[in-house]
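Sharing a structure here in structure tokens format.
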Amino acid sequence: MIPRYSPKEFVELWSEKSRYTTWLEVELAACEAMEAAGLVPSGTARSIRQKQIVLDPKRIEEIEATTRHDVIAFLTHVEELAGEPARWLHRGMTSSDVLDTSLALLLVRAADSLLGRTDRLIAALAGRAREHARTPMIGRSHGIHAEPTTFGVALAGHLAEVKRGRTRLVRAREEVAVGKIAGAVGTYAHLSPEIEEQALSALGLRAETVSTQVVARDHHAAFFNAMALLASAIERLATNVRHWQRTEVGEAEERFAKGQKGSSAMPHKRNPVLSENLCGLSRIVRAAVVPALENVALWHERDISHSSVERMIAPDATTTLAFMLERAAGLVEGLVVYPARLQQNLDQTGELFFSEAVMLALVHKGLPRQRAYEMVQRSAMRAFQGEGAFRGFLKEDGEISALLQPSEIDECFDLEHALRYATKLVERAINS
Amino acid sequence: MIPRYSPKEFVELWSEKSRYTTWLEVELAACEAMEAAGLVPSGTARSIRQKQIVLDPKRIEEIEATTRHDVIAFLTHVEELAGEPARWLHRGMTSSDVLDTSLALLLVRAADSLLGRTDRLIAALAGRAREHARTPMIGRSHGIHAEPTTFGVALAGHLAEVKRGRTRLVRAREEVAVGKIAGAVGTYAHLSPEIEEQALSALGLRAETVSTQVVARDHHAAFFNAMALLASAIERLATNVRHWQRTEVGEAEERFAKGQKGSSAMPHKRNPVLSENLCGLSRIVRAAVVPALENVALWHERDISHSSVERMIAPDATTTLAFMLERAAGLVEGLVVYPARLQQNLDQTGELFFSEAVMLALVHKGLPRQRAYEMVQRSAMRAFQGEGAFRGFLKEDGEISALLQPSEIDECFDLEHALRYATKLVERAINS
Amino acid sequence: MIPRYSPKEFVELWSEKSRYTTWLEVELAACEAMEAAGLVPSGTARSIRQKQIVLDPKRIEEIEATTRHDVIAFLTHVEELAGEPARWLHRGMTSSDVLDTSLALLLVRAADSLLGRTDRLIAALAGRAREHARTPMIGRSHGIHAEPTTFGVALAGHLAEVKRGRTRLVRAREEVAVGKIAGAVGTYAHLSPEIEEQALSALGLRAETVSTQVVARDHHAAFFNAMALLASAIERLATNVRHWQRTEVGEAEERFAKGQKGSSAMPHKRNPVLSENLCGLSRIVRAAVVPALENVALWHERDISHSSVERMIAPDATTTLAFMLERAAGLVEGLVVYPARLQQNLDQTGELFFSEAVMLALVHKGLPRQRAYEMVQRSAMRAFQGEGAFRGFLKEDGEISALLQPSEIDECFDLEHALRYATKLVERAINS
Amino acid sequence: MIPRYSPKEFVELWSEKSRYTTWLEVELAACEAMEAAGLVPSGTARSIRQKQIVLDPKRIEEIEATTRHDVIAFLTHVEELAGEPARWLHRGMTSSDVLDTSLALLLVRAADSLLGRTDRLIAALAGRAREHARTPMIGRSHGIHAEPTTFGVALAGHLAEVKRGRTRLVRAREEVAVGKIAGAVGTYAHLSPEIEEQALSALGLRAETVSTQVVARDHHAAFFNAMALLASAIERLATNVRHWQRTEVGEAEERFAKGQKGSSAMPHKRNPVLSENLCGLSRIVRAAVVPALENVALWHERDISHSSVERMIAPDATTTLAFMLERAAGLVEGLVVYPARLQQNLDQTGELFFSEAVMLALVHKGLPRQRAYEMVQRSAMRAFQGEGAFRGFLKEDGEISALLQPSEIDECFDLEHALRYATKLVERAINS
């Protein structure tokens, strides 16, 4: 998390203050469940809540300097502020009951915010895809002109992928919405499944099926995986913007703000820096996946090696992805599209992309595919080498004209026909 | 894929022969859909099927040496074998229509086989978890004795994780069961959504929402992620077996086959080599995740950089995971558990794990948690340093005995009570 | 390792036959050292060598099926073939003495072959860089035209990077040229440092400073790192070829073989498939780095988890990199460069890239940088928006013409001057 | 970078203040070189230096909010503070001349500090290795008792690995000590190689052989690789401490501070949390390797995707490694070793580890290795199954006693002999 790439909401979510406040939420929910079970005097949690204590992270840190144990320091501080009733908190619990349940709450909140931002990106992509559903563009494969498509269809492809990413994030949110109030090795030695169930459902969480000292880390790894997939979807989009904005392509570009400078040396440059930035940040979100997977194989009923990793990758990956989603949404919303340039590039290949239509027409006349391919390639290669117009060469070709009338050749050169499903594809993505 | 770690079924699945056979399946399904649409003479596919041609990978390779294009080489070979009707195959399609749809079929088949193997592992874990639901074991955290649990509960934790892994794999199978028959840039220029729909549903697949030349690679990346999570679940299990089998722990060990030799130098050694092997193989499956994610951001309507990656990681990761599942199932089925040693280790900590129960009893008598903690620690540390019995020290402690009767102290030392939820936890995992 | 991407030399290097032959080499070198130390009857190794036995991998596998221990199976087979003297082999050694020393030999041989292939790539880059040292090309940053450079300078940048990669590989070869003949836990219990020293130096290796049962795995991880860096250098080169070959850029392209087909649908397409393939394969070599690093932290004096990983990544990464180097060399050798198109693209930005020279001239006249920047941007933006010629606007600008004579403006527009160091840069790379 | 794991020195090194100060260093060094070349009025840099300006990161940020370009904002701010002479700064340079040269300076400083910390770890390992050079310990492989070694030899193995890591870091420091003052695309359009050479050598750096707009990213990737290797070395050490500290092993443990609490529930627990933490942090440093490698393949003469990645991984990885080195050194310095427990564990295997010595003695009597192996295993297995003493069984064995006298058997059971090279190994590591 560095300020440059950290939305304020996430800075606060992952602050020490937020962390400790969430711990207190968990302790109080557990306390209420224990009150119901008769393990703790009734009204304990309420009396603590009524004190509306404000936790002081600095003070907790101070205590931790001696105890070297963060949860004990936290509890000591709560007792300082809330007095006697606080002694009932944490009864029969282990630190990880608090920490893991709290982490689940924070990740669920992060997920909810990420989903909101994803919705903005989805709306932007849907809007622009519809806007350009019928704007012709040369489709490329391998960076080489292939057959026509539309700018809207390209955006629709990204839209469908981001939506799949959203679906995975919703599932991952469910996967990670799992806490535990089950004691030192998950056996409820001084607790019960009923207490856990009540406490967690008050917090909007489910109980881990079988916990050890901690919730199993596959839940979290799945969450990081889902984030990396969404980041990769943004990377693909950003990569395409970078291609579209290249000087030689020039089909679309990032909105350039007033006063913005492209280069300290070249005043006229407009660089796709937002998109390049998104590609870089995607590497950061992706880099959290392997450590998250390495965190899974804890020793026995747990070791704490996962903890330092999560202290870093949980804020970093969620915050970076939040920033990416916001930036990507703005990028799409502001993307300047140049239909004239799109048309100009489309024209550059001189209708060669209709070669397949011609080949299919020949096959329909009974030619083996291989023969048809070679006959069409003859004219295509001449046109490709700049000797003249593809359509003209076809009509002049003795073998071809023996099979196809000029009008039949002309029918193969129909852009409208080639793009007849563009709108359908855009709508399909929007409704997916 | 190296023979040592490759189940025969997967060697065949990923063979050249299987690859080309699947291509033909796809071409024929597409052909039938085109027949229905009137684009291809009715009966074409049937007449090819009736020839029951046997593809020769060597011959295709030979043709490819000239064309440098595998699908064209394949089609040429099919025409050699099936004659004239084969010229209708691949009409209006692009190579990737065949390749990606075929890859989806192969991955779906791999997934089905992986799911079957996962079921065997699940059954093994469930059986052994029930068998040892009530076998006491010291629960550990940080490698240090914590509180009692049971061997069955430990296995139940693994069971629940493997089941979650299975659920993810089922979803990933759905995610990857996506093909396309949509032409060079996904616009159905010479095809139609209806043809695609018919062809794919005949193959048990769905259509990509918006394809480019290819199916988007996030589908595949999600599949590799799911495999890595399952591999990590096995790694955690194998890591625990390695700990259990350590000379100093000795609580369980891998079945040692007759004639097997542990070491070329030390005849008596029984090493947990299967488990260590599983930990290593998990790194291999995990290593496929990042390249699969890097494959997502293809340029424009596609580049082919993903292809070489998938040629390697798709067989490698699926095959390795298949091997791991098989080996892990065998490992669990054959795991030799030593209840006497489990008990002996449990006894080693001299009942110190009941310290929390004593602390809670003191808190119930009205002591602040912190005071109670310190009072109990006094006796605990003496016992820990080998000066004598924990329970005795507690009873001798003036401050403690002022609050707790000897019988009340004894009540805290109840293993049955500590393990009262063990069976419930095992059943919870089995029913999860 | 899949046949498609596996040079024959590497298929043989990593074959079972080669593996066992190397084991025998190690055993015999160790035997000779033990003869010198008087631990084994003099002449033992020579008498085995004279038998010129041919190992049968199938037979070893057969024996291993019972013993489940590969080195014991190998030794049994050697005794079958070489008779009584073979019983002296492996005296006081542990399996890993053979396996790790043998792995070092194989990796050193792989490294030597990789270095040879790197030399071919270096020669190709040097030759083409010199050829095009003075071929002007628009330099780009962010995909946007920046200032002129030459095609040769671009190749020289790749050349310098590949040379750095070579230097790292030479060092990594040294790092991995480390064996051990030190017994079960590295203490020379039945051996001596002198025996180890003699045996290893006969094999061209050094002794591990302090071994455990195995050579420490940081040696190997460093080797995989060096390979990944070289693969990344090739990826950068291949990425640039893909950009150069784009339809809209068209500055250079891969040699297109006779008979080669670009697409099953579009006969005219020439796709940069070799370069895209290299980008994909780079992900594969890179993917070996993390498992190799994960292999480092073995438990105690060793666990065998690294072994399965290395069985896969050692052949895969070395073979894939060998293939990449070969393909990259061929790619550079055959690269078709289009100077006319380079010039045409250079002209496209209408001399805007000389804006900095104008700005510097203004600064020299005493203007603050910021003012100069704004004054030049005025004309630059008009030209950029297609309103006319940049140079003309500058001359017409009242503020600028008050400071700079038309001839002074013209002096800023000097391509020769801009490229005056091109040849020097190329030579610098060649001599680096 | 999170406070918990960030040494103050690194927090300052990577602060905005330090960043901008370094930029100014670079600009002034370049300015002085340009003065020498007559491009800038003599004395410019000196007059700026004399003003001893104090940069205000907040103000630069403010300006950047408009320009959206950090280096332009920085230069504007410098001009605000230093007035007219500052207009000469950055002449003919591109932003990356400043940024990349500055990054090199920061990484070199980070490297120097890391090397200092590595030296402390090396000294600690050397001291403790010598201290325990002759402290017997059972050597383990696969977690199973193998043959004796010493605690000092184990530490010496870690020492040798950390020293190799240091050597790699020294090299990586050299690799990354590379800047550029070469203009927008590295052609020295308005500069010269001489100016670059002078400016960089004043800063203690070398010039990139052929730069583009930036220094090639393989330099940096190599640096991250070297850090990951050092982190992995620490992980192996920490993993062993965790094993040694296990309740059942108890051979060594982390120093437990006064007041420190092992667990909120179990007062007596002493968990190896520092070592577990080091294992987790190693995953973080390792996770920087892949993004750093992905940064290499920039497009053309550069894209800026690497920048956001480096803004995060450069501070994170260097800072985390600095923290790890410090913590690891403290861990080793304070490690509490329990020789009595080491001896007790050594005795646990009942001399079985001498089995190889017996086997070798039988081979010397002329037995085939395989026969000898089986004969010894007979007694070993009985002893292993707890039926009695290994040495006794050997002496009672008819076949063995026919070949070996009781005294000859006794000679095989010599711990001194087994450990005769321990001191030599320790010294070898210290002198490596």
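Quick notes on this one:
Residue numbering begins at 1 within each chain, and the chains themselves are lettered A, B, C and D in the order written.
Rule of thumb we're sticking to: contacts are C-beta pairs under 8 Å (C-beta built on N, C-alpha and C of every residue); 3 or more make two chains touch, one makes a residue touch a chain.
None of the values given here were measured: they were computed from a predicted structure.
Chain pairs B-D and A-B differ in how many C-beta pairs they share in contact, with the greater number at A-B.
Averaging C-alpha coordinates per chain places the centre of chain B 32 Å away from that of chain D.
Note: centroid distance chain A to chain B, computed from Cα atoms, is 24 Å. In chain B, the residues touching two or more other chains are 75, 90, 140-143, 146-147, 183-184, 242-243, 262-263, 265-266, 271, 273, 276, 279, 286, 290, 294, 299, 303-304, 356.
If you sketch which chains touch which, every chain touches every other chain without exception.
The touching residues of chain A, when paired with chain D in their complex, are 2, 4-5, 66-69, 71-72, 75, 90, 93-95, 183-184, 242, 257, 259-266, 271, 273, 276-277, 279-281, 283-284, 286-288, 290-291, 294-295, 299, 303-309, 311-313, 315-316, 320.
Looking at the complex, you find that chain C touches chain A at residues 138, 140-147, 242-243, 245-249, 261-263, 265-273, 276, 290, 294, 345, 348-349, 352-353, 355-356, 359, 373-374, 376-377, 380-381, 383-384. Put simply, chain B touches chain A in their complex at residues 75-76, 79, 84, 87-88, 90-92, 139-143, 146-149, 153-154, 156-157, 159-161, 164-165, 168, 171, 175, 183-190, 192-193, 208-213, 216, 218-219, 221-222, 225, 228-229, 232-233, 235-236, 238-240, 243, 279, 282, 286, 289-290, 293-294, 296-304, 356-357, 360, 363, 367-370, 417-422, 424-425, 428-429, 432.
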